[in-house]
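Each chain gets a letter, A, B, C and D, in the order it is written, and its residues are counted from 1.
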Amino acid sequence: MSHTVDVEGDLVTRVEGHGSIVVNVAEGDVETCEWHVVESPRYFESMLVGRSFREAHHVTSRICAICSVSHTIASLQATEAAMGVAVSEQDRRLRKLALYGETLQSHVLHLGYLALPDLVGEKSVLPLADTHPDELETVIDLHRLGNELTEVVTGRSVHAQRLLAGGFSQLPEESKLEELLDRLLNSWDAVAELADLLAVLADELPDFERETEYISLTHPEEYAFAEGSIYSSDVGEIPVSDYRDVANEYVVDHSTAKFARHERDSYMVGALARFNNNAEQLAPRATEIADRFGLAAPVHNPYLNNVAQLVEVAHLLAESVRLIEALLADGLAPQSDYRVPEIDPTAGSGIGAIEVPRGVLFHEYDYDEAGKVTAANCVIPTNQNHGNIQRDMETLVPTIVDRDAEEIEHTLEMLVRAYDPCISCSTHYLDVEFVGEER
Amino acid sequence: MRSAARTHFEHGESEYQPIEGQIVWIDRHTDDDKLFVIDLPDGVSLDHDPGQFVQLFVPGVGEAPFSIASSPTKEGPFELCIRAVGNVTNAIHDLEAGDVVGIRGPYGQGFDIDAIAGQDLLFIAGGIGLAPLRSVINYALDRPAEFGDLTTLYGCTEPAEQLFPGELDEWADSDVMDYRETVDEVPDSQEWDGDTGVITSLIPPLEFDPETTVALVCGPPVMYRFVIKALREKGLADDRIYLSLERNMHCGRGLCGHCQLNELYVCLDGPVFHYPTVRDKEEAEV
Amino acid sequence: MKVIDRSDLDALIEELIASDPRDVVGVQEDGEQYVFDHLESADELTLDYDLTALSPKKYVMPQRETLLTYDRTDDEYEMRAEADPTGHIVVGVHPYDLAAIEHLDKIFIDTLQDEPYRRKRENSVLIGVTMQDVADNCFAASMGTATVDSGYDLMVTDLGDTFAVDIGTFEGDRLLESTKTRNATAEEIERVAEIEADLKDGFDRELAFPPAELPTLLEASYDDMDFWEDYAEQCLSCGTCNVVCPTCFCFSVDMVRDLDGDSGRQERRWDGCLLEDFATVAQGENFREEVAQRHRHRFMRKGWYIYERYGDVACVGCGRCTRHCVADVADPCEVYNELREAQHA
Amino acid sequence: MSDASAPSVSDGRRPRVAFFDFTGCEGDQLQVINLEDRLLDLVEVVEVVSFREAMTEHGDDYEIAFVEGGVATAHDERRLTRIRENADIVVALGSCAAFAGINALRNDQEFETVKERVYGEDSDSITSYPIARPIDDVIEVDYEIPGCPIDREEFVGAVTALVNGAEPSIPNYPVCVECKFEENTCAFERGETCLGPITRGGCSATCVSAGTHCWGCRGMVDDPNEGAYTDVLEDHGLTTEEIIEEYQLYWNWQRDSRAVADGGNR
């Protein structure tokens, strides 16, 4: 059957930032099949140059709001590594909690606000207020819970304030942590409901597989988020100091974004990569959900990234409970409400590496002896995934060319959305090119 | 709806309790000015002194002070002439007859009727300043026996800015009051066969007896100094001049501090001031 | 005058916390400063403080409070003046802050009947404490407010193991009903008088002339624009000196709308004459456009204008404005002394 | 900022609103989503016709456009011009849109160096503007809701004002006022410095309340006494260079604009 399709690159909606898909199929042959990233450059790595170690995290927080806490923590880790600053066990736990809160928030946002409408055939979350009011309430409750977790720990959910190099300016009130613990413990029903919702509709997810390299952090003691070394499903453990060898950025002719490759043409980071690499360290509650969806590592269907996110939602809840219980059991060591951790700036460089909602994130800074940034490099998960999205599309499109344009577009959009790309985060891309309708 | 008497408040007799005023009629005077006729519950009268003001509350938008433009000699609904200059005033302009607003007041010191009784009255209004003066002009027109000669001078930036157009014609035809008007300039698109020039230009040609005349003045801040100078040149003593002033105002009752002018509060001690009271106050700018 | 054991005073406070429906608030340490805040127990109370961040004015005239609510049902509006009646039991008020509240009472209750203020004030209890520490910037002694003999329900003075208690009102008397007290001995009464008298020496700062002369001095200094401009050059117009002052009571009224669009409220919020827009009217005319004019207005108001109206100098000498002004140009004591010097030079 | 002739919506119909994002972190839109269930109340009073971050539908028929992010490319500029044509009211949402915000941090760095640092040898293919600009440098803006990110309450307040035919009111008093309301310990008293005294308030001094200091994210008040404030910072031990660095973080565009108004060049 000969068939012509033009998907003319309208901006993909319900994703963070600006990206578009361009596919031309003429007489059944795929002529173009491209994933474009059209975000305007912001030059963060240059903005950082000359700034003090006390505010590098404040600046990089603004790379992206959805993962602002993540950028903040990666930034603080880089600074602390450069200056040889140690962080107390209590502060490490609190940071983790903030990170879990944000990841929870981000995953629920993605599952509930961005992906769910696809699954129930709506174009946004808003009509769900009428069609699925109870489900929407569940989604909102979980989303709020994630935000509150971050808020209680860091004072604000977007561009957190209390996180500083060397520790916290201010500690959360124990009573607030207790309230949170209560809320978390009472949230399992909500997670179950969310799981039901996605379960009923999970078979709507396209059945598409393409094995690739999965890269994440890994940690001997826990499902790695806040700390660990790099792990590749192809070659195993890699020290964080070699992150530049992993995230090899290169330019491709047909695309506006820089792509990243390691062992193969492309690799995948994010919830599914973490799941594939670290599944056995998941909390039992999370494993139950994975089992229920028949998710067993390794999983090669990128659409199932959504399900991996759901699994992580359960894991994050369980881990947050564990962390708060531990913090409360030990009691928070008192400190001033306006603490400025003492740091003697030294020249040097450091790397921060953490798992953030969309995958592994690296910040690396060089400092001079006055504690001013002289060079910075930020490698964002979405940038690492662009190549994989492109390869997935190239594999997928020929298998669906005989469908109509609308369906192809929809399937590809769902693919892009499954990666939960956060394009406003992307600190590296090249020229900006526009096709199709812009808005 | 609540009962009408202003002295009865449901909530702890709070001075902040507005009563419901219903807009019964709206008349557009210029592009930016409208007259609002407001009826209080059960048809009670506001019972104000000419020159006093009310605080008008538009639900959802806010509250602002306005001089009462009608004379207490007129029973029933009272009138406000309002220029759309910002938030509250724009919103009022969007209201329609039948809409309800909140009214607090009347507040402040109006024109001292006892002091001006029996005198020749010279009203001098610039722009929107006619609104407060109209209350006392109409008071005098309604009770001509209580006063001597009546004269009104009215100046606007341009013909299209004139308020109360119909009434101005009546005043011009009146034999009870000498009415004179001027405009600063006449744009090509407008017609005008009267005087042009700033309001002070109307004062020198006037013939009045400085011993028996009282001047009542209201207009934009820049106007006062020039008008007073011209009046003094005509031999009018300072204690024969009354001014109605305007300031920022939030509570209308002597607390919020915004309207303070040196030690005076415009909402309590004014808005109508005896000129000698404010003459030496730098912040009065008169 | 009564005397109460330290432990019985604690017990009284615990009792009030446990059984009085009102919130019991008192002075507490908060990092490097002191604040009035909710008391969980008498242990949290610190009575030997120097100065709190805000004065207890915040309990009778809060930073923000609702004056009016409105509601639309069908085509009808209901507009309702609100006056939150929540009173507090305030423990540990210094005499100058008592003087400030007494001053506000005169304006908000006796003169202009402000319902929201009156309700909270009449439902509140003020337990004063004789100063045991004097803040660097405080000049209350000069303003005659280092000690007061009215304005409190109870006034306590630390005598070591015991407190002398002066009963100021019937309500204060009733508070003591179930507590063990005894009458003060002549010696104890003498001790209190001595402590109060000694206090005067604790002040580093002093107004060089009697405050009663302020109105005349300020009137005479009004036109000394060089002085005001010179002083205001460093002023940031930040309004802090207004906001922290126990006698400043200017406010703005803001509209706060509920999302449903049919209801909302008018809220009054502390405002300050040092802020740029304070005297601005629509279309931009600002009647106190220059910082120097605003700066001058504040000092005039404190020492002269309010006196003209209410017979009080409206500065109690607490020193908060001085302490909080980052530009270091808000100190009434310094300004008044300098004006005085300039006049006599 | 707001003037008497600024348009408002007040004819009783549910106004149609659209959200647009330009160069920024999308934190302001996220703050809107973070209204959680109040977002559902919000859509009772306005009809959202475009919100790319959260919905697929898009309409060009709207009265109020909320624009997040700054202008970085010629394409941004074209898009903005179209939004201005479609909308009755354009509201700059967040500091990047209102005054270029943190994006302008690079404005006094040399553009070739900027590109070089980020893209190395590929920097030639970068076509963005050499400086980051706020949207009112390109189109007329009716209202600004500053903040990095915006304050949720302030946003809701602005929307309800517009829906009620009123103008959003954004404070012109500094952060200090609300900081004192909150009884925070002043940063200066703790031996730190803070930009609160000349930064526009409206955020309840959230950063100071969280134990740090004000970074100036809401921009300067209308008429900051910058000279006096610089002296204050010097008195507290900051060098001229350090002071400039503090001012640069969020105020580069505003300070340049003030300098231009005083006769200088951008």
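Here is the rule we use: a residue touches a chain if its C-beta (ideal position, glycine included) is under 8 Å from a C-beta of that chain, and two chains touch if they have at least 3 such contacts.
Source: prediction; values computed, not measured.
K.L.:
Looking at chain pairs A-D and B-D, which one is connected by more C-beta pairs in contact?
P.N.:
Most C-beta pairs in contact, of the two: A-D.
K.L.:
Distance between chain A and chain D based on Cα centroids, please, to the nearest Å.
P.N.:
26
K.L.:
Based only on mean CA positions, could you tell me how far chain B sits from chain C in angstrom?
P.N.:
38
K.L.:
Express in whole angstrom the distance between the two chain centres, defined as the mean CA positions of chain A and chain B.
P.N.:
Their C-alpha centroids are separated by 64 Å.
K.L.:
Which positions in chain A are in touch with at least two other chains?
P.N.:
336-338, in rising order.
K.L.:
Can you list every residue of chain D that touches 2 or more other chains, as numbers and ranges?
P.N.:
Each of 4, 160, 164, 166, 169, 185, 190 in chain D touches at least two other chains.
K.L.:
Enumerate the residues of chain B that touch no fewer than two other chains.
P.N.:
60-62, 85-86
K.L.:
Per the touch rule above, enumerate the chain pairs that touch, sorted by label.
P.N.:
A-C, A-D, B-C, B-D, C-D
K.L.:
Under the stated contact criterion, what part of chain B meets chain D in this complex?
P.N.:
60-62, 84-88, 90-91, 94
K.L.:
Residue numbers of chain C touching chain B in their complex, please.
P.N.:
67-68, 70, 72, 76-77, 79-83, 107-108, 111-116, 119, 222-223, 249-255, 257, 261, 264, 266, 268, 271, 273, 278-283, 285, 287-288, 293, 297, 300-301, 304-306, 308-309
K.L.:
Which part of chain A faces chain D closely enough to touch in the complex?
P.N.:
Against chain D, chain A makes touches at 11, 13-18, 39-47, 49-52, 55, 58-59, 62-66, 68, 109, 113-114, 117, 123-126, 129, 136-137, 140, 143-144, 147, 154-159, 161-162, 164, 168-170, 251, 258, 336-340, 375, 424, 427-428, 430-432, 434, 438-439.
K.L.:
Which of the residues in chain C end up touching chain D in this complex?
P.N.:
Listed in rising order, the residues are 30-33, 35, 53-54, 63-64, 233-240, 243-244, 254-261, 264, 270-272, 275-277, 282-283, 291, 324, 326-327.
K.L.:
For chain D, which residues are in contact with chain C within the complex?
P.N.:
Against chain C, the touching part of chain D is residues 4, 38, 41-42, 44-45, 156-157, 159-161, 163-164, 166, 169, 172-174, 176-177, 180-181, 183, 185-186, 188-190, 196-198, 221-225, 228-229, 231-232.
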